[in-house]
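Note that the chains take the letters A, B, C, D, E and F in the order they are written out, and that residue 1 is the start of every chain.
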Amino acid sequence: MTPKGYAPANSFESPRFSGVRTFMRLPLVRDLEGVDVAFLGVPFDTGASFRVGARFGPEAVRSASHLLRPFNAGAGVDIFEHVSAVDAGDVSVVPGFIADSFTRIEADLRPVYAAGVVPLVMGGDHSIALPELRAAAATHGPLALVHFDSHSDTWDSYFGHPLNHGTPFRRAIEEGLIAPEKSIQLGIRGPLYAASDLDDARALGLTVLTTDDMREMGLREVIAQAQARVGATRAFVSFDIDFLDPAFAPGTGTPEVGGFTTWEAQQLLRGLAGIDVVGADMVEVLPAHDPAAITAFAGAAVLFELLTLVAIRRRDS
Amino acid sequence: MTPKGYAPANSFESPRFSGVRTFMRLPLVRDLEGVDVAFLGVPFDTGASFRVGARFGPEAVRSASHLLRPFNAGAGVDIFEHVSAVDAGDVSVVPGFIADSFTRIEADLRPVYAAGVVPLVMGGDHSIALPELRAAAATHGPLALVHFDSHSDTWDSYFGHPLNHGTPFRRAIEEGLIAPEKSIQLGIRGPLYAASDLDDARALGLTVLTTDDMREMGLREVIAQAQARVGATRAFVSFDIDFLDPAFAPGTGTPEVGGFTTWEAQQLLRGLAGIDVVGADMVEVLPAHDPAAITAFAGAAVLFELLTLVAIRRRDS
Amino acid sequence: MTPKGYAPANSFESPRFSGVRTFMRLPLVRDLEGVDVAFLGVPFDTGASFRVGARFGPEAVRSASHLLRPFNAGAGVDIFEHVSAVDAGDVSVVPGFIADSFTRIEADLRPVYAAGVVPLVMGGDHSIALPELRAAAATHGPLALVHFDSHSDTWDSYFGHPLNHGTPFRRAIEEGLIAPEKSIQLGIRGPLYAASDLDDARALGLTVLTTDDMREMGLREVIAQAQARVGATRAFVSFDIDFLDPAFAPGTGTPEVGGFTTWEAQQLLRGLAGIDVVGADMVEVLPAHDPAAITAFAGAAVLFELLTLVAIRRRDS
Amino acid sequence: MTPKGYAPANSFESPRFSGVRTFMRLPLVRDLEGVDVAFLGVPFDTGASFRVGARFGPEAVRSASHLLRPFNAGAGVDIFEHVSAVDAGDVSVVPGFIADSFTRIEADLRPVYAAGVVPLVMGGDHSIALPELRAAAATHGPLALVHFDSHSDTWDSYFGHPLNHGTPFRRAIEEGLIAPEKSIQLGIRGPLYAASDLDDARALGLTVLTTDDMREMGLREVIAQAQARVGATRAFVSFDIDFLDPAFAPGTGTPEVGGFTTWEAQQLLRGLAGIDVVGADMVEVLPAHDPAAITAFAGAAVLFELLTLVAIRRRDS
Amino acid sequence: MTPKGYAPANSFESPRFSGVRTFMRLPLVRDLEGVDVAFLGVPFDTGASFRVGARFGPEAVRSASHLLRPFNAGAGVDIFEHVSAVDAGDVSVVPGFIADSFTRIEADLRPVYAAGVVPLVMGGDHSIALPELRAAAATHGPLALVHFDSHSDTWDSYFGHPLNHGTPFRRAIEEGLIAPEKSIQLGIRGPLYAASDLDDARALGLTVLTTDDMREMGLREVIAQAQARVGATRAFVSFDIDFLDPAFAPGTGTPEVGGFTTWEAQQLLRGLAGIDVVGADMVEVLPAHDPAAITAFAGAAVLFELLTLVAIRRRDS
Amino acid sequence: MTPKGYAPANSFESPRFSGVRTFMRLPLVRDLEGVDVAFLGVPFDTGASFRVGARFGPEAVRSASHLLRPFNAGAGVDIFEHVSAVDAGDVSVVPGFIADSFTRIEADLRPVYAAGVVPLVMGGDHSIALPELRAAAATHGPLALVHFDSHSDTWDSYFGHPLNHGTPFRRAIEEGLIAPEKSIQLGIRGPLYAASDLDDARALGLTVLTTDDMREMGLREVIAQAQARVGATRAFVSFDIDFLDPAFAPGTGTPEVGGFTTWEAQQLLRGLAGIDVVGADMVEVLPAHDPAAITAFAGAAVLFELLTLVAIRRRDS
């Protein structure tokens, strides 16, 4: 590997369990000069409706990511030949205050997007997708959304409040941040409040593939639909770790049985190669419910595939 | 949803993590007037042969069930339009005394069955299936058994004692509570004491499908065989959580590797639609060995499918 | 024991590990007719500044409390001869929204106080003390506060926001809910932001005894000071579980080493006998960080002593 | 050290974390020829009234004991100069059946006592003290009991059954196995069912020192009373690990806050030097509730002091 | 079952949770007279590059193995009719010193191989494969290797040192202990340091099937290739538990998402029937990261299949 | 606070749970210009003789330290008015190789000492004290040692090897790095291999106060002896977290019951005020055995007191 710019510490020189924990042992750099991809933590969980604690998600994912190596063998990509990446620390949040936090998150992310850097965000609960999308759309306009999740997160409100981790994508569509006709939700499953829940998501213009739909059609067809849907539109990928089955990701806020394996998730993410990912997140890792840290390892692996997608795009364009 | 009778608390009014833990946030009601389905805990584990602690199973399953919502999207059923359900608390048990406990469990369940209410039982170790079946058969006569488990539980005795969690179904057949020719065991696997163990179960008249058999034939064929076997006979479904692989259900008494996923379990249970389930249980959840609570979530999901089966039957008859 | 009114289930008739979890196996009753003491959960943690998850505190404390028996041997009181007590469930909260939740908590508690019932609250993070005190003062006027905590919780604000779990007692004094000259803080310790932190608490009129002060003077002298301070004023006791050392209460939001044992806490609480406790809480139990549940057991034990204080007062007046 | 007979493996030759787990790395020997002390597991927990799982106590204690070294520095005794000790494995039990198990436990222990070997038993729940005492008294006649516990374990029955872990010492007194006037209970505390509970224990002839009594009088006076009480009578020491505070022993069946430290327990046990210990047990370690294994380490340390008492007696007589 | 020689304790006579923990409740025997298979612990983890603690692997696997029964139903083999097996304890190691430990491990294993006994080793980190292969090859000459692992373990060195758990198979090939053309690696996956990593393994002569290769071709084809590769050559099977997905084996040193289920592993191992296994190991179980013990259960299950392979070979030859 | 130089991030501006984890939220700085104190991780555990995993100690302690605030209220010191402190990351180690690692650790620490910076080291196992002392003595000459530990760590060798975590202080004395007549060991307790173990430590010239000695004489007298012993000699403080009782520090390699509380440790450390601490460490935190993280919190608190000692010295000289 001849790194293009910023790259991970060399694990043949210092062991992977050493050093202050940054994502993938990347340098901790705030100045985005010469940076293609910036990993950023958003330690916010005030939007959570059940289990809470995703504010410690970035810490756990950074820790688990120390096992990652620079060559994605499944995709055949030597990542840092194509991208320069850093850990840019955490954005500002105010625990206990959603609207105020959203303002700060958006404010911190806007210059990242404006600089043409791809932020890969470690959540945090899923409510943060809204300020992320606000920042992204300010630079890129309405985005194609590829959304992995067991929940549609398009409810209207909880207890009279429109902002929490069950509503970001409805808000984003209402605000014109997402192009729903270019967007797709993958993995929806589990009990709903009413038959209308999925209809509502579809009425917003989203394509919704449930877990049962996906098992019926097979991974290749799912990939084909996602690619067709997104096309050349600039895309945001949002990956709620509860897309995975609780056996693979127990440490999450609203675990939903009957989900996917990490191998399936890897195949699907690799299937997105070629899409123009301008921003992405991986959310809802709750370390306090992750005694063996496998959720954190899964979350790090998802981010690794997202990073690879950016590298492939840079390599090929 | 226009609930038919008793239904869960509204999670848009009070958060799902609030309130005294009843199954699915249903009202705690002992009087069975106007009730179709009663969830009941049987906190008994004196019949356990290895790990022990299923007496805390009902508590854990009630807690996990707070995440459940009323519409079963996989089955397309708005449950409480068709059934009125309550949590009726726990039945009486005497820790340390199997025979005495069985007397009390049966005594508490008999009036439930007699009232035409379907009890959905949260165990407890699997030995409780015997007093459950005694109570059920008193009202309904010999039942078709659909038994999900990695173990056949038809051993004759342990240490000279005929009652424990390895023997209930042999006892039930001997007592005429089960119609073996209408019954089926699904998921049997793992090392045995001798080649004769499965032969014994079959000699009792049971159809036994091992995990390997089921993987060979596929889920659809398994469902077809179960439906054919049971037919119109009134049925009891007994689901030992160790039917699932330990990755999906680590918190159980005698974990057996090489098992099923929760998604597979959901498909199989949904495949039983139409069967006349008059009683059912989900047993062997041990919270002390379930650090991320995924076994409890799986157990709650199984009970949710069992409840759905009752709702479908009521809807369609 | 001849119970005066509502009393726990008899543990010689049904085992303590059975039944839906209410505090101390008390009946779940919403109607406060004939009730002296109501245990109430406040599953709110949006005010937390570090670890979060106290929304599950009431559940864990109810579970641990099933071990409690009705006679307080240390205090020599047969509790339910003197008080009728119930578990009245949880009050309303809106996760993610502090001000809205405070309105609801106060609204739910006002009628309890107005009815002359003593609410014993299971938190929740410590921010809830503010709406509790608002409700209490509406009936009782400014209260003497006996505050067990490692932190003074009299900071002015965090991130520009005046409401969270570090500020309730400053707010309460500003609002005239507490009579600071009748009030005492016990157990303060740990690093501060600045030398002025404790001065600020004292400038508000509070007596502040640090852990070092208390170890220097001995428990008897501490009790004498607290009794002298409070005198005949109606009192509110607020017990943050982090008063205890993390060895005794690991499952809390901001653990502070160098603290007290549960035996010391019991002695101090028993030393308050005679004080007119009109309301109290025990807060900051975080089950997700309490792997052996000892924090929950400690929290239940604190509530048991608070209940005993009420029983003693009723017995003696 | 010149060992007298059987002694632990040499930890300078093979690391302490190696080898099949026997107590203190002693040889696994069933033939008691040349043996002074036999460690024996009694993996029985059917007598448990709340949390259960002490059947895995012997395994955990054996594992923790691998850290022990042969010289008791606190007592100044090179243990294996004076005693030959082995791990004799586990006695027979029948899970789920108390009376049958008691018959087997007694039958297995009788020849040990008859051979003049001191059995040091790893429980198991506390109900096993009854068959232990039956076996001990058959050889030694009525014994002085030194009983460390937070509970008196002298209730009459639970749910109509006289045998469980809350009743062994009442039964033992009724059967004449214990000389109550030579016996003492140490550490009793916690809520009771009624004021009469302790009176009942005292009415049986036992001296009962509560935790509060002990803190009031100091450890030296407690030791003096215990020594005076026992005198030259052959003694059985029964140590329920819940004598310790849950901070020091979380992994137990009925944890009781407000207890003792391990240092205090060590002082008390060393204070028994000179007493003629003919048998002893350490019970109620539940590994499934002991995530950091400190309860197992505490249990091993208690057994180490018990072994030292035997060594001192052999050295000095 | 009429056992041929040494066989497990009878679990109808004493419960499976009782007794000093040996593998599968086999007798602890050091003298290999009359022994076909010897289970041996190698509690060594100084070769670990990330998480560490496999020195406690043998203890955990022995504990979990108590659930195993003697008849392998999946393979249809009554094991102890064909083999006499014992637990021979642990071999010598020196924590902190790799070269010295390798000398001792080899020295302890050489007489086992020389006696014609098949050692089934419980690791320990994977570095121990090197001294194992040195001992094996001394008796059997260059061996066919069937290697299950997510990592190739054929790196050249770390930090200038050639011996650790990432290098054993390169060393073994260099030393002529393995016949690479008869050998196969299964399950390789995850990020690499460079594209050349797998090429290097292949350049050594090994056949390398990645996880993706295997999912593409199906289990039957994988088995066929492994059988074809090994043929009649004496074989050593080395099973790194991280071959399994972290959902199935969280407690390991370098978990790698996207892996296999235990059911798939069982099928693959059973597919090796007929191969002449002269030695094998199962390594990298780390109990401190295995809170529900499912990794230990999986490890025990792997060893059970390895034992079955030996039994089949003895039965059929 | 007007910080003198480098100081922690302001927790009123960004929450304490945010940001890449450095000790106490200090800046991550490698260049020691303008630095008084450098926190450094030494993630090394190859010297461990029992439980292993201290390589992850620095990570856990950094995480826990985020709760610390800048003013030491117990000591009355506003730390960063007097010292400029940074987190300088981790030193180089080679897992699996003690001698090589010692060379690297010493090489990394020598320039720190030479620059007059006080390194406060987060271990790692206790073997690292030797290269630390080598580096320290190179600048400062033979040092007074204040050693908190339950073990004397002055054994000669294990398995023929002189370097591991049981031997560093014997080696250091042999090499003339420590002035034994100026040095003191505090807290020694627990079983020994032989009566001679403590005699050996004393024969090396060390003053050894056992836990029993210390409880007998009281903390004030202990402090007086330590102060008298050290006097004006430049000092190194080495704090093995197992000085604390396992209730307060379960996550350690060789837990020893009967130890000290964190409050006692704080008093002792504060009693060292005035001593010229030129370097110090806190070692043996093992996160994998620390489920509630209280050991990490205790370790961070110890380092906070060590930092305070440096600040006091700078303030007063």
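Here, a contact is a pair of C-beta atoms (placed from the backbone, for glycine too) under 8 Å apart; a residue touches a chain by one contact, two chains touch by 3 or more.
None of these values were measured; they are calculated from a predicted model.
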### Query
C-F versus E-F: which has more C-beta pairs touching?
C-F
### Query
Looking at C-alpha means, what's the farthest chain from chain D?
A
### Query
So what's the Cα centroid distance for chain A and chain D, whole Å?
55
### Message
Using mean CA coordinates as chain centres, what's the gap between chain A and chain B in Å?
### Response
37
### Query
Taking each chain's centre as its mean C-alpha position, how far apart are chain B and chain C in Å?
40
### Query
Listing for chain D: what residues touch at least two other chains?
15, 17, 49, 51, 55-56, 94-95, 158-159, 245, 247, 289, 291
### Query
Where do chains touch, given as pairs?
A-B, A-C, A-E, A-F, B-C, B-D, B-E, C-D, C-F, D-E, D-F, E-F
### Task
Name, in rising order, each residue of chain A that touches chain B in their complex.
49-51, 158-159, 189-195, 197-198, 210-212, 215, 245-247, 250-251, 254-255, 257-259, 289-291
### Task
Mind listing the chain D positions that touch chain B in their complex?
45-49, 51-53, 55-56, 94-98, 100, 158-161, 163-164, 288-289
### Query
What part of chain E is in contact with chain D in the complex they form?
14-15, 17-22, 28, 41, 43, 55-56, 59, 62-63, 87, 89-90, 92-95, 291
### chain C contact footprint on chain F (complex, rising order)
1, 11-13, 15-17, 66-74, 76, 78, 245, 247-248, 261-263, 266, 291-294, 297-298, 301, 304
